[in-house]
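Both complexes shown next keep subunit A, but they swap its partner, so subunit B is in the first and subunit C is in the second.
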Partner chain A sequence: MSELSLAAGVLVLVVAGPLLGAVLAVADHGHASSRLVGLVTGLIASAVTVLSVTVAGSGTPLTLVLLAGPGLELTLVADGLAVAMVVMTTIVAIAVAGFATSEDRESPQARHPRFWPVWFALWSALHLLFLAGDLLTAYLMLEAIGVAGAALVSLDGRRHTLLAATRYLYAELVASMTVLAGIALIWHQTGSLRFAELGPELSAHPEGWLALGVVTAGLLLKLPLAPVHLWLPAAHAWAPSAVSPILSAVVVKSAFAVLIRLWFLASPGLVTRHGAQLLGSLGVVAIVWGSVVALRSAHLKQLIAYSTVSQLGFLMLLVPLMQAGSADAWRGGVLYAVAHALAKAALLMAAAVIAEDAERPDVEAVIGAVTRRPLAVFAIGVAALSLVGLPPSGGFVGKWYLLVASLRTGQWWWLPPILVGSLLTAGYLLKLLKRAFATDDLATSRPTASPVAGVGAAPEAAAEPADVGFDARGALALALALVTVVIGVRPAALLELIDIGAPLVTGGG
Partner chain B sequence: MNAPMIVAAVVVVVGLSASFAGVAIRGRLRGLVTMGVGTVVMLGVAGPTRPATLGMTLMAGITLAGMLVFARILARLIDGDEPDRRGIDEARR
Partner chain C sequence: MTIGAALPVLLLATSLVPAIATFFIPERSHRLRTALNVIAAVVKVVLVGALVAGVLYFGLEFEWRAAFLPGIDLVLRADPIPLLFVFLSALLWLTTTVYAVGYLADDGHRSRFFGFFGLCVTATVGVALAGNLVTFLVFYELLTVTTYPLVVHDGTAKARAGGRAYLLYTLTGGALLLLGTVWLHALAGPLEFGQTEVVGALAVNHRTTLTIVFVILIVALGFKAALVPLHGWLPQAMVAPAPVSALLHAVAVVKAGAYGIVRVVHDLFGLPLAQDLGVLMPLTIVAAITIVYGSTRALIQDDLKRRLAYSTVSQLSYIVLGISVVSLSSTTGGLVHLVHQGIMKVTLFYCAGNLGKRGVHRVSEMDGIGRRMPVTMLAFTVAAVGMVGIPPTAGFVTKWYLGLGAAEAGQPWIIGVLALSSALNAAYFLPPVARAWLPPDPGERSEPTGRALAGEPGGWLLLPPVATAVSVLGLGILAGAPLSPLTWAAFIAEELMPS
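And then the complex of A and B:
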């Protein structure tokens, strides 16, 4: 087999592997065994490893035309952005798969039979979205991700989760239709939806900015960026513990990846200074709004969900800095997206372990957790390091590149939001860590009334460390958080990967 | 934009407004269905009538219809005539 056909086969396997998992889970009546999950995740991990090594080794994007029929084109493009996002998705998905199988071992009948098929299908849609070479495929995958995400949120069938899933799906529908209207405008003006062909055609057309603006509006709702984020906290907070990490860490990056690909790889000539500054300003609103609400939040997973709203604001700062011609902004933004995904998934997994242990969903569940779940608390600490942006972590490297880009482009006004946002992030995460290391006295005196009916912990149970044995789920959360430290210590390989096929890398920065 | 596209775009805006104006879930769903019809028609008339346009319109229409059917199922599982915030606020309390 030639080198090219091997790479093409691997590229197909990266997308088809999770789909195979979905089919096998359906065949297994939804109760995917840990052996099946391990086999499929191992296969996907191998394919993603070979893909990333191949692309990094060649230094050029890999393109594969799978289908070239009328209206049914399918081209996969594995450039630096796509491969970095696929690697991020795979690492988070493997950790979440381990987390979920560990939950299954503890309560074998608790998992809904539709969980694994939908979860694998979501994974496949994410990979195809990141590798999509045209806007229509990306749009179809955004729809698939929206449906799968809402389905996973709604699985437990309780009224408030159904309502959260409904709001999530309705926001996704409005966003999808807005994106589709923008696609119609682009198709009308250019006669093509391939990312590689959009630029010159769209830039030459006087209504090009309108088409780009409509698609961008839909993507901002899908992201979601404040102030259109209101569907996110409920959906992410009420989702099952094995679903929140993938939603909050990876699914939110899907619209981000399409947005920056469209703005800077497909149609850079259309991006105006005013438009880019507007998006950056919305990012600042998100940073402050999300952080302030997170600081005031009493619900543990809701605090983390608002943290996601805030962190998405940091990603938006990439836009004005890239528009000003800084390649550092691209590196910083994409690397921060990867680091955020790993840290956020770890944080949510650790929070789920602690909340379940304390049998309450509010932040008071964390009181004294270091004696009961030390690995989970350690995971929160390491994840906080990256989210705040302290060295050595991937979050630090990402924010550093954004700060450097702000100074090099003369756009100093993005420095205060980055610094203040980091301080606010430290504020709400230290709120959790302070409670985690609280003394036994405080743990004993914590209130026992639960905000959720039928859930509450007896004071004696709260005071005495339970013998939980080896905390496999806490260990997985910690391992995931430690990957951000590895990125922080050795960021060169990831940065080189991100540079492949990136805009401005040879001329800007 | 050609004339059919402008008409379809107006339908999209009407549907979007109706979905935001609706308080209950079912009312919002009707607005979204209107918006969906508008966007699919908009795509269908955006280019010359050739297989590429028809193929894309078919794909987008089918997936959008799938999302709307799922939204209808969710609306049926909960009481779709109630304001959608209530249950979440109750759970939070």
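And then the complex of A and C:
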């Protein structure tokens, strides 16, 4: 009994820890000191570690009913999917917290006072969303995440960021209302909103399909999946450098987690081949669309934002492959989501460091960066390894299982999108890497260099490595990227965790 | 951990650990970096010696495995064919490290260079010792990415264009290799090199699928092995610094492709099945086309390194030709050329690098260079003669066995291809040699100026080509000695032949 209550306490702490951070940050007038941030993140990290070890050790999902009553209930379910997502969120959030405090040290007064409270609240909402055992909690958290995300984007108050944040917020509102309408339909039919209780009640008749379809439509706009992704690139590209990593890495996984939980854990009886194939096809559209725009993009963070659009398409391939009965698809899709989060956050952090140095936002900022910021460039390289899906990286393991699932279910038509999509990914990331190694055209492309400087003299000066000191933020980005390599070398533990409470695994799929 | 499991891991660690350490060495600490890298290379050669001795004299089995994906292990195993490749890569890593120290003496970013250089060799050893296709894939892709920073090391627009071509070709190959690997895995489950009977058993029900998988795998590997028409990156990537080209063309990248083809044919499908599927003859034809095409293109290149690059395209396909013809001598010739081509080509690239240091980049600039740089040009001459296949060099041994094998297999047309190729080899290798040694035509004599007046470069740059050139002769003269690569290749070939 005491073991259970310990686990329950830890589960609560996982959600409440970031909230505590938010409260303390408000009390600190928003200027969260690095000691405060360190203490709170340390607390959360310990709680998440204990939670993941407990769940992985027991091999069964951990369920905790906090409130029970008609219409007002709160259940936390820590199954493999939830714990994997929480671990992913925590790792990314710790890296971003370190990144932001490092920024604060360099320019103490630059941080908006509302940043830390909102940032911690977002973290808490993400944890609660992933652990939510019922649709209503999930919906409320999706709403909270959307509002907090848009608020963080808008903090610097410049015209184009406000515009981007407003579009983000509108999209979130439309999506939320759609999801809510769908949830109402589900409640009307089943009288329950707990994921675990929906299955038998939601029957395969038009009303059930309508409900699932409406919720799904809302979630796809939130995710966002092409072709309704248009709000994402501006919001992610204009967000401050300590916010974009959380948005592109973790926030986009929130709707994904709810979607696959609803489809395959709550109402598997409703999922039809046509619906699953449609979602998979939209995934392919996203892969190609996102990659092609990223390939043509000249703006550094916009390129990375379109990369997110494209990578979300890969995640969507989980749906048709799961529908066809492959447990490998679940492993591949969820692990790919985790690997993408780590790599994408590392990529955005490294890009922010490099762009800040060069004082320009376009891809030419990366020119010659390997001399100025070797750690950040290395981070981009390692992140690229995982995003392209090359071994040894988490991205490789994820793609491996998606490919295995395609072949085992006979749905060979997903093979070309996965492989070609990987090559396109390599194509747009190579745009960054090849510029990083450039030595010859620094004089013409750095705005700081005088345009009349002698062509022969400038590269000489640039070749002399400037002493930038220890690049703490670049090192953080590199450490985060290297986590994907650790996953790629030793994926077994994470794969076993993901299998806990996964659909099809116990059914011998 | 037993010695049998420890040695393969140590072989990887002897380049991985120094490589990572090198990244942290300050740029100015030249001696520390040099000592670390040279000592690591020597230790690796000693370990490979221990490995070979252990297998040959003590009959030890060297295998390390660790769980990777559920049901799939990462396996490193010292089988006979891997020994041949790991032996080559350890030796040439040592000479190339020495050469690179001399070549980059005045260059910036040496810690970065040697760091990636070490990672590249780690990946190559992993490719060599891979005990199954998944392990092979992991290290093969690692090799692709760790080589990229070396190719673009100079950072010039030309280097970046070369690096871009290199990555786009090799990553496409990598994607296909992944497809082939997953497909075979989905068909056969966990599969190790040497379990040809498992794949053979599948052929009863899955003939067409297996044929498709074979073609996918060979095309995938063909990108790195520079089979025509997948060779486009190789002449572009030769803009890399000379030690990188040497490594690229002799041991690491292209050799990994050719070596992969060897393993797919012999250790995955097996000769009987490959013969039964009818996939060997097309492979022979592709190899023959590549041999002639590469030589023809080499003929018209004035840039010395480009000429050498096209020569690599041609020479690599001798390996593919050898293993795709079913006869004892062909297989022997193909396998031994893994070693012979590496040593000859590495010598040529060292020499080209030395010439480049003196401002000589083109064949047309080589008039009379033999008198100013006699040692470099002597090494060049030996290796060039070897490439043409004149006795008593290593190249002769290869061509002799390939020719013999073609006759044994009843495919005399291959001898015609070999003869044509040798004639072309002579036509593009002997003119630079002749220009270097013969007195220049008095009518066109131009006064050498500046750097071109200087003679031989220092010892770090001379020792490696001399050592490898001596090996080219040694491998030819002592081909029949016990422990020679030829003896070893013949032993392997005998095991591989369908009874």
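Assume the second predicted complex is superposed on the first by the 473 of 509 C-alpha atoms of A that agree within 3 Å, B and C clash if a C-alpha of one lies under 4 Å from a C-alpha of the other, contacts with A are read in each partner's own complex, and residues count from 1 in each chain.
The rule we apply is simple: a contact is a pair of C-beta atoms (placed from the backbone, for glycine too) under 8 Å apart; a residue touches a chain by one contact, two chains touch by 3 or more.
Quick caveat, the model's predicted, so the values are computed rather than measured.
Asker: After lining up the shared chain so the two structures overlap, which partner does A:Ala150 touch, if you call subunit B first and subunit C second: first, second, both or neither?
Answerer: Touch status of A:Ala150: first partner only.
Asker: First (subunit B), second (subunit C), both or neither: which does A:Pro391 touch?
Answerer: So A:Pro391 only meets subunit C here.
Asker: Is A:Leu163 touching the first partner subunit B, the second partner subunit C, both, or neither of them?
Answerer: first
Asker: So in the superposed three-chain picture, is A:Gly427 touching just subunit B, just subunit C, both, or none of them (first/second/both/neither)?
Answerer: In the superposition, A:Gly427 touches subunit C alone.
Asker: For A:Leu415, decide between first (touching subunit B), second (touching subunit C), both and neither.
Answerer: second
Asker: Which partner chains sit in contact with A:Ala181 here, subunit B, subunit C, both or neither? Use first/second/both/neither.
Answerer: first
Asker: Should A:Ala438 be classified as contacting the first partner (subunit B), the second (subunit C), both, or neither?
Answerer: second
Asker: Shared contact residues on subunit A, subunit B side and subunit C side combined as an intersection?
Answerer: No residue sits in both footprints.
Asker: Which residues of subunit B touch subunit A in the complex?
Answerer: 1-2, 5, 8-9, 12, 15-16, 19, 25, 28-29, 32, 35-36, 38-40, 42-43, 46-47, 50-60, 63-64, 66-68, 70-71, 74-75, 77-78, 84, 86-88, 90-93
Asker: Write out the stretch or stretches of subunit A touching subunit C in their complex.
Answerer: Against subunit C, the touching part of subunit A is residues 368, 370-371, 374, 381, 385, 388-392, 396-397, 399-400, 403-404, 407-408, 415, 419-420, 422-423, 426-427, 430, 433-434, 437-441, 463, 465, 491-492, 495-496.
Asker: Going by the contact rule at the top, pick out the subunit A residues touching subunit B in the complex.
Answerer: 69-72, 136, 139-140, 143-144, 146-147, 150-151, 154, 157, 159-160, 162-167, 169-170, 172-174, 176-178, 180-181, 183-185, 187-188, 191, 193, 207, 234, 238, 299, 451-452
Asker: Name, in rising order, each residue of subunit C that touches subunit A in their complex.
Answerer: So the residues of subunit C touching subunit A come out as 27, 67-70, 108-109, 112, 137-138, 141-142, 144-145, 148-149, 152-157, 159-160, 163-164, 167-168, 171-172, 174-176, 178-179, 182-183, 185-186.
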